[in-house]
Structures are given as C-alpha cells and as structure tokens.
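One chain, subunit A, links the two complexes that follow: it is found with subunit B in the first and with subunit C in the second.
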Partner chain A sequence: MKGSHVAITGVEKYFGDFHALKSVSVDIKKGEFYSLLGPSGCGKTTLLRIIAGFEDPSSGAVLLDGQNVVPVPANKRPVNTVFQSYALFPHLTVFENVAFPLRLRKMENAAVKTKVQEFLELVKLPKEGKKLPAQLSGGQRQRVAIARALINEPSVLLLDEPLSALDAKLRQHMLIELDAIHDKIGITFIYVTHDQQEALSVSDRVAVMNEGEVVQVGTPFEIYESPSDPFVAHFIGETNYIGGTVTEVIGDKHAKVDFPDIGSLFVYQDKPLAVGDKVKVTIRPEKIRISSDKPSALGDQMNLLEGGVDELIYSGFQSKFFVRVSERATFRVFRQHVKFFMDEKAINWKDRVFIWWNDNDGYVVEVEKP
Partner chain B sequence: MKKNYGPVYVAPLTGWLVVFFAIPISIIVYYSFLKKGFNGGVMHEFSLDAFRALYNPTIFKIAFNTFWIACASTAVMVALAIPASYFMARSRHKNLYMLLVIVPFWTNFLIRVYAWMAILGNNGILNSTLISMGLMHEHIQFLYNTNAVILVTVYTYLPFAILPLYSTIEKFDFSLVEAARDLGATKFTATVRVLLPNIRGGITTAVLFTFIPAFGNYAVPQIIGGSDSYMLGNVIARELTVTRNWPLASSISMALTALTTLGVLLFMRLNRSSMESARESATSAPVKTPQSGTGATA
Partner chain C sequence: MRSAKPTGKFSLGMFTLTIIFLYMPLVILVAYSFNNSKMMAWNGFSLRWYNELFFSSENLWHSFWNSAVIAVTSASVSTVIGTLGAIGLYWYNFKFKKAISVAAFIPMLIPEIIIGVSLLIFFAGIKLQLSLFTIFLAHTTFNIPFVLMVVMARLEEFDFTIIEAAYDLGAGELQALSKVILPAAFPGVISGFLIAVTLSLEDFVITFFVSGPGSSTLPLHIYSMIRFGVSPVINALSVVVIAGTVVLAALSRNVVKYMFQK
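This part shows the complex of A and B:
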C-alpha cells in the first residue's frame, strides 16, 4: 500500500464562538476509501481543510504515518485535494493544469509530458490537453481536477464533495470511476459528502458526522443496518423510527416491545435489554412486506399489522406506501417491482393492507434504563 | 416588425461626443497645420512649421520626462493598488474601505494638490514636524521636483487603479490560490502564477486608467513640479497662453494624443500575446489557440 495511515486525535476547531469540531478523533487505515458523511454545517469540510492544511485546528493533532503534520504548511504535506468547485486554473490549458505541480518542482520538460499524459489517460482524457477548462464539460473538469491532484503522487487524496456539481447519471458513473482509480492507485482516499448514497456505495468505512462530532464509524453495511444513534438512523436512508417499552426478553437475540398506538412487536436484541427499558427502534421500509391479502403461515415471531394506504408514490422500480396502522402511527413500506406490475395484485390508495416483517428487522438504536 | 430604437438610444451620446470631442479635436488638427498669427491666434494658411518645431531637443527631453513620470507613477500606483485591493476584497468591511477610497473625490482636485504644498512645503507640516522632533536642523526641499510630481500624481490617480483591481479581485475565486498551495506552491508562487494571471484584466484596466491621465498631466507639475519635471501638458499650456503659438500647441497636443494611443495599443498587444504564450507556456508542440467556442464533449 502506498497510502498513509491518517490519525486525527482530539481535534477541536472554533471559528470565533462557533464550535465547529468537538474533539474529533478518527483513525483511517492505509489505502482506505474513507468517507466523512454528514449534513451541511456538520464540520466535515472543516476537518478536510484541517487535514489539507488550509485551517489549523484549535487543538489536537493530525498524524500522517504517526507524524504530526499540524505545523507543516499545506504545500509541504503529501496530501492533495480535489475541490468541490474543481478550482482548475482558468488561464492554463488542461495540460498545464495537470502539469502545474511538476512545473513547481522544475521537472524536466520531457518527463513532464510523459507524466501528464499518463495521468490524463488515467482519467480518460488523453486528447483534451490543449483545451482550456472552460471548454470542458462538468464531468471532464472533474477528471482534470482528479488528475491534477494525483500527479504529485500524494499518499492521501482528499475529495471535497467532488460530484455535487454533476447530474445524477454522471455522478453514478464518476463514482464507479473514482472507485476504479482508488483500486489502481492504492492510496488513502478521504471523501467528504452529504450524499449518503455516494458514501455507502464506494467507501470502505464511513464516519457519520453531526454538529461537529463523529457520531458513528463503520462499514456502509454497519452504518445502514445497525445505526448506533438516532441521527444516523434518520440520516442514512429512510426508516420507520418508533419508541416503546420492553415487555419480554426472549432468549439472548430477541425481545418483545410494546409500542403505544401500534401494539406489541418483536425486535432484534444486540444490546442487553431488560423488561421495562424504554427503547427506540428502527425498521427499514424495504424490509417490510405488503399485501392486500392476509399472509398465511407466518413464523412465530413475525410482526404483522393491518392498516390503510394513506399515500402511495410510484417511482418505476419501486412503490412507496405510507400505511396508517392507527390514528397516530404510519409505516413507510417500499415494494420493489420485481415483476411486471400487471402480474402483481395492485394496491391502490385507501386500500386495506397487511404489512409484516421479520423479528430480526427491528433494530434497537437507543436504550433508556428506567 | 419590431422597430429599431438603437439610433435613438445612442443619439445623445453621439451628439455629446461630436460637440465636445470630434469637433474640438478637428479644430486642433486643423490649427496644427496653420501658420502662427502675429498677435497670437492663427493665420488660415497651410504650413508645417508647427510640426517642424516639434523636432527639437527640448521637446524631446520634455516628452521623455513626461513618459518617464507617467510610467513611474503608473508602476507605483499599480504596485500599491494590487495589495490594497486584495486586502479590501478579502475584508469584511469592503464597503467602508470603498467609501474611504472615494471620499477624496468629494474635495476639489486643485485643493487636494494645494494641500500637498501645505504638507511638503519648506515651512510645511512635514518639515516643521521633523525639525521640532530634532531629527534635522534645516528643512528639506521636498517640493518642485520629479519625485514630488510622482508622489502627488500617485495620490491623485490611485483610486483609478484601485477601483478596477478591486472589482476584479473581488470576483476572483480564492480557492484557486488554495489549490495552488495544495499542489505545492508557496504563498508567493501561488500569487504570481495563479492570482496575477487571473486578475490580468483588472491590471490592464488599472494601467490604462492611470497611465493616460498621468501622461496628460498638467496641474500637478504646474503646482508641485520644478524645471526638471516639466511635462508636455505644461508646454501646451505655455504655447497656448504665454508664447501664444497656437499651431505649436496644437501639434504638441496631437503628438501627445498619438503617443498615448500608440502606447495603449502597444500595451494591449503585448498583453494579449503574453497571455497566449503563458497559457501555452510549455506545451512545446505548436498549438492552435482555442477559440471562444466551447467544444464540450461528454
């Protein structure tokens, strides 16, 4: 692995009275594709700028392979950035943009040519060297920015919302390419985004940030399936988030929880629960099945509810249902259209429906002991 | 069909330019080819005397002086205006600083020039302060030389350099400087290789806006200058009012206008070609300059 191990230890940042980063510590492995995910204003960009050297932390350290780089100015760090707005030099051609770091090092002309060509090929722009940035499309500019940031062969590449200016299709495409580049180059990528889809799809690990704090670090799977915090549960994907009281502990895997307005449901127990605990539970809408016929032969610990379709959103590959199970409780349910929809029994607005899901799919996020 | 109101819209400006620019210039051109009248004025008789009189070492020397003073003042103004505008554009109190730059214009130009006499004069504020502080015993002759003219010219026209530079720097994307720093540039290199080329338009405007009035300077050398800082503007005034050689005054005016125009054209040409060569700096293969059309291909 060519990348660096990056350790952020107890980094604090104040802007005047504003506490932008609250004792942030993260540990990023060599060669990892690591995402900082959070809503705008959560401090993720500030953290990135501190790693790049554009901001100094108020306290704490940034260690690259064990060495604190806080006193090192931005131009001396083995870290390069792909900026949100690309920050291509408008007065230079694509070639000269990519060559910029090499020219600073006074590299020989012939060597510059070979190297720039190599990196333009890496980002699949071998023929655009003579154009000006203004003559490129958004996606092409993005590639130039990536080539320019990589040509110095940094050990860490920082990407600040690099795809936010692209349209959805192109974003998907660039994401796959970024992943391919990461596999090829093998350095550490730190990717800042507010888009959970982006973060989940390419990262090895994700740090979810909120209000200047890291609230959860984990693989995309862990972040999605076992959020450790109500913020994470809400921020990543859509969910049904309900609160109730434990009435029965079943073995060491499951529990029965009574939810006001809904009834008693089985949930998965991954933290020790006791009868009387107040819990918050997340149930992902895609894990809930829906039908207008009552399902037959459900398992013992299956959860089954009945309700009316309040709202129905068709979006091609799936439909979203908002099913009202009582006066004050609605569930979101996603149904994938795995078959041509005429083959399925259609569920219409205001229909009576049954929804059911596995006992393992209710995940306890928060526990409050009485 | 829609009626074309274009000519109506430009009519007032056209009228203004014809009456106050085209006609006076034509009169000057016409006068420069006439004979000098005996009691001042002109005789309406074709002559090249006025142009022959230009070919004169004194005029050459004054023309050179004028050029030098204008160049030096312009250089000082732009050199001061770039950091000042940079500071203003990055400050939270932009509007306040902008106001401070403009405030001097609320006072008459001549009064401001005379105010410099009160500061720099032999019994002026500067000399008396220095003497009373015991730093020296005799006054220093600040006034009536080239340096004084440059100083006051810089003072007078500095806002004309700051205003265009400020508006360019304010629009500059400072993430470009960060990008340059990120890629290994020192603060100085980032400024020279990224900031300056991208505020080129502002620098060009600032140079033109300050060089042209400085080159045609009259009042400042008249009031502040001495014999070594006599400028073409002063010669014109002398020929017009004292010597009363109107054809010569006219021919010098024409020469001044021609020199200014030539200088401006030359400057703009140099500017354009150096921009093109900078863009291509090291792509050694001959490259056709990309034209403005955007060849965006996804």
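This part shows the complex of A and C:
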C-alpha cells in the first residue's frame, strides 16, 4: 500500500467562541476509502482543512504514519485536495493545470509530458490537454482537478464534496470512476460528503459527524444496520424509530419490548438488557412486508400489526406506505416493485393492511436503565 | 414597464442633441485647427498651426515630454503598489484590515484641490523642493487607490480557493503570487495601469499645486498658453491628442483581446 495511515487525535477547533470540532479522533488505515458524512455545518470541511494544513487545530494532533504534521505547512504535506469548486487555474490550459506541481519542482519537460499524459489518461481526458478550464464541462473539470491532485503522488487524497456540483446521473458515474481510481492507485482517500448514498456506496468505512462530533464510525453495513446513536439512525436512510420498555429477555440476542400505542414486539439486541429497561428501536421500512391479506403461518418470533394506509407515495421502483396502526403511531413501509404485476392484490389509500417483519429487523439503538 | 420599445421620436431627439453637444465643439476645434487665420473667421485651409506645433514649440514639447515621463513612471509605481496592496487586502488577514482598506479608498473621494493643497504643505514641511519629482510623487499618490480598486474588483471575480490549491500543490508564497495570483489578476493590473496613465496625463489641479519652476506638464502648459489668448496651436495640439487617444484605445483593446481570448 502506498497510502499513509492517518490518525486524528483529540482535535478541537474554535472559531472565536464557536466550537466547530469537539475532540475529534479518527483512525484511518493505509489505503482506505474513508468518508466523513454529516449534515451541512457539522464540521466536515473544517476537519479536512485541518488535515490539508489550511487551518490549524486549536488543540490535538494530526498524525501521518505516526508523525504529527500540525507544524508542517500545507505546501509541504504529502496530502492533496480535490476542491468542491474544482479550483482550476483559469489562465492555464488543462495540461498546464495538471503539470503545475511538476513545474514547481522544475521537472524536465519530457518527463512532465509523459507524466501529465499518464494522469490525463487515468481520468479519461487524454485529448483535452490544450483546452482552457472554461471550455470544459463540469464533469471534465472535476476530472482535471482529480488528475492535478494525484500527480504529485500524495499519500492521502482529500476530496471535499467533489461531486456535489454534478447532476445525479453524472455523479453516479464519477463515483464509480473514483472508486476505480482508488483501487488502481491504492492511496488513502478521505472523502467528505453530506450525501449518505455516496458515502455508503464506495467507502470502506464511514465516520458520521454531527455538530462537530464524530458520532459513529463503521463500515457502511454497520452504519446502516446497527446505528449506535439516534442521530445516525435518523440521518442514514429512513426509519421507524420507536420507544418502549423491555418485558422479557430472550436468549442473548433478542428481547420482547412493550411499545405504548403499538403493542408488544420482538427485537434484536447486542447490548446487555434487563427487564424494565427503556429502549429505543429502529426498524427500517424496507424490512417490513405489507399485504391486504393476513399472512398465514408466520414464525414464532415474527411481528405482525394491522392498520390503515394513511398515505401512499409511488416512486417508480418502489411504493412508500404510511400505515396507521393506532391513534398515535404510524409505520413507514417500503415495497419494491419487483414485477410488473404484483402477485398480491394492489393496495390503495385507506385500505386495511397487515404489516410484518422478522425479530432480527428491529434493532435496539439506545438503552436507558431504570 | 420595460416591455415595449420606446416609440423613438423623443429618444432619437435626445440622442441627436447629445451627439451635437458632445461632438460639435470637437468638430469646430478640428476645423479651426486648419484655419489659416488666427482669428475666429474662416480664412482658408492651412497647415500653419501644425507647422508651428511641430517645429517651433519647444516649450510645449518639453511639457509634453514631462507629462509622458510622469504618466508612465507614476502609473508603473502606483500599479505595483496598488496591485500588491489589493492582493494584501484580499488575501491576508491582519489587524486593522478594515480600517486600512477604507483609508486606501478615501483619497478618491477627497476633492483634488484639497489633496493638492495638503501635498503642497507636506512637501514644504519636509523641505522638498517642488520639481518633476514632487509631481511624480503626487500622481503616484492619487493613482494608487484607482489601481487598488480595479485590481480588487478583478480579484473578487475569481475563485479564491485557487490560491489554496496552489499552496496545496506545493507552491510557496512567492510561487503562488507569481504563478497564480498575478496571472489571474493580470487583466485588472493592465486596466489599472491604463487608468493611471490617463489620470496622470490629464491631471491639472493637483499638479498645479506641486509643480515647481521649469517642471510644467502639458495641461499646465496649455493653461498658461490660454492665459495669453487662445492660440490655434492648441487646436492643432488637441487634434493630435484626440487622434492619439483613438489610436491608443483601439490598440489597447486589441492587445487585451489578443492576450486573453486566444
């Protein structure tokens, strides 16, 4: 692996009185595709700028392969950045933009030529070298910015929402290419985004941030399936988030929980639970099945509820249902449209329906001991 | 409502009047520069004033030369200072930044006569003899805010993360300045320089206060000639200046076009 190991330890950042980063510690492995994910204003860019060297932390350290780089100025760090606005030099051609770092090092002309061509090919722009940035499309500018940031062969590449200015289709496409470039080059990528789809689809690991704090670090699977924090449960995807009291602990993986207004449900748990604990549980809408016929022969620990369809949103590949199971409780349920003719009966607004899901699909996020 | 086009008559009338009032004096001036008579009455076509202008007006050409030297030198110095000042105000953060940027622009708003008097008092105070050098100092002083403003406007147009990008890619401070900031600001620097040249060439009021014996500029010289009656030589000179301005304007447009739109 050519990348660096990046360790951020206890980084604090104040802008005047404003506490922008609150004791942030993350550990990024060599060659990892690591995402910083969080809502606008949570401090992602600030953290990235501290790693790049544009901003000093108020306290704490940034270690590259064990060495603290906080005293090292930005132009001396083996770290390069792909800026959200691309930040291409408007007066230089594509070729000279990419060649810029090499020219600074006074590299020989012939060597510059081969190297720039190599990196323009890496980002699939072998023929655009003579153009000025203003003559390129948004996606092409993005590629130039990536080639320019990679040509110094940094050990860490920082990307600050690099795709946010592109349209949805192109974003998908560029994301796949970024992933391919990462596989090819093998250096550490730190990718900032507020888009959970982007973060989940390409990252090895994701750090979810909120209000200047890292609230959870994990693989996309862990972040999505086992959120350790109510913020994460809500921020990543849609969910049903309900609170109740444990009435029975079943083995070491399950429990029975009484939810006011809903009833008693089986849930999955990986934390020590006891009868009487108050818990918050997340149930992903796509894990819930829905039908207007009562399902026959459900297993022992299946959860089954009955309700009326409050609202129905059709969105092509799936439908969203809001099912009211009592006066004060509704569930979101997603149904994928896997066939043109559904096997089951169509479900309409105000229909009576049954919803059911496996005990493993309710996940305990928070526990409050009595 | 801005929808319908104006019906034309009124605005066409205004347009015609404007053109007449703007250009009529110039047309008359050009015509009289070819008048054989020293008086206002037309007395046949002649080039005698041009002859006099080019071959027997050493004092006038001396002043013209003074003006040119001062314009080029003061514009160059004020362009350097103004450009660096603009970059400093734009890119660096320091104490009293706000106060300094306001202070830098205030001279543009102060009446020239006050600047002229204050410079005169200042030069007298430091016992600096009035000469071409004091004119140069004065012109540099009043040109700086204009260059600063024009370059600032240019800098504000471009994305300032390109400077961070330069650092990020390994550039030091001087390299960022010479390879990124200055080239990107260059069109602004050029316009700043041209404005400074123009302002310096045409300044009368301030120059009047800070010029010493023998250090006349062209505007001062023309003024002194007029005090002894309007000489048709001035008409001829004006025509030359107008022609020169038109040629320069056309040239600089094409040069700028060539440099930035290839």
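The definition used in the following text is that the second predicted complex is superposed on the first by the 366 of 370 C-alpha atoms of A that agree within 3 Å, B and C clash if a C-alpha of one lies under 4 Å from a C-alpha of the other, contacts with A are read in each partner's own complex, and residues count from 1 in each chain.
One rule holds for everything that comes next: a residue touches a chain if its C-beta (ideal position, glycine included) is under 8 Å from a C-beta of that chain, and two chains touch if they have at least 3 such contacts.
Bear in mind that the values here come from a model prediction, so they are computed numbers and not experimental data.
Engineer: Clash or fit: how do subunit B and subunit C relate after the overlay on subunit A?
Structural biologist: Superposition result for subunit B and subunit C: clash.
Engineer: So, A:Phe95: does it touch subunit B (first), subunit C (second), both, or neither?
Structural biologist: First partner only, subunit B.
Engineer: Which chain makes contact with more of the residues of subunit A, subunit B or else subunit C?
Structural biologist: The larger set of subunit A residues in touch belongs to B.
Engineer: Applying the document's definition of touch, where does A:Thr45 land relative to subunit B and subunit C: first, second, both, or neither?
Structural biologist: neither
Engineer: Of the partners subunit B and subunit C, which touch A:Asn109 in the superposed model: first, second, both, neither?
Structural biologist: First partner only, subunit B.
Engineer: Quick one: is A:Ala87 in contact with subunit B, with subunit C, with both, or with neither? Answer first, second, both or neither.
Structural biologist: A:Ala87: touches subunit B and subunit C.
Engineer: Under the stated touch criterion, which partner chain does A:Ser155 make contact with: subunit B (first), subunit C (second), both, or neither?
Structural biologist: A:Ser155 contacts neither subunit B nor subunit C.
Engineer: Across the two complexes, find the residues of subunit A that touch subunit B and also touch subunit C.
Structural biologist: 52, 54, 73-76, 79-81, 83, 85, 87-92, 100-101, 103-105, 148-149, 152
Engineer: In the complex, go through subunit A and note every residue touching subunit C.
Structural biologist: Counting only subunit A, the residues touching subunit C are 52, 54, 73-76, 79-81, 83, 85, 87-92, 100-101, 103-105, 148-149, 152.
Engineer: For the complex, give me every residue of subunit B touching subunit A.
Structural biologist: 173, 175-176, 178-186, 189, 193-194, 197-198, 200, 275, 278-284, 287-288, 290, 293-298
Engineer: Along subunit C, where are the residues that touch subunit A in the complex?
Structural biologist: Subunit C reaches subunit A through residues 158-159, 161-162, 164-172, 175, 179-180, 183-184, 186.
Engineer: Please name which positions on subunit A make contact with subunit B in the complex.
Structural biologist: Touching subunit B from subunit A are residues 52-54, 73-76, 79-81, 83, 85, 87-93, 95-96, 99-101, 103-105, 109, 112-113, 129-132, 134-137, 139-140, 148-149, 152, 170.
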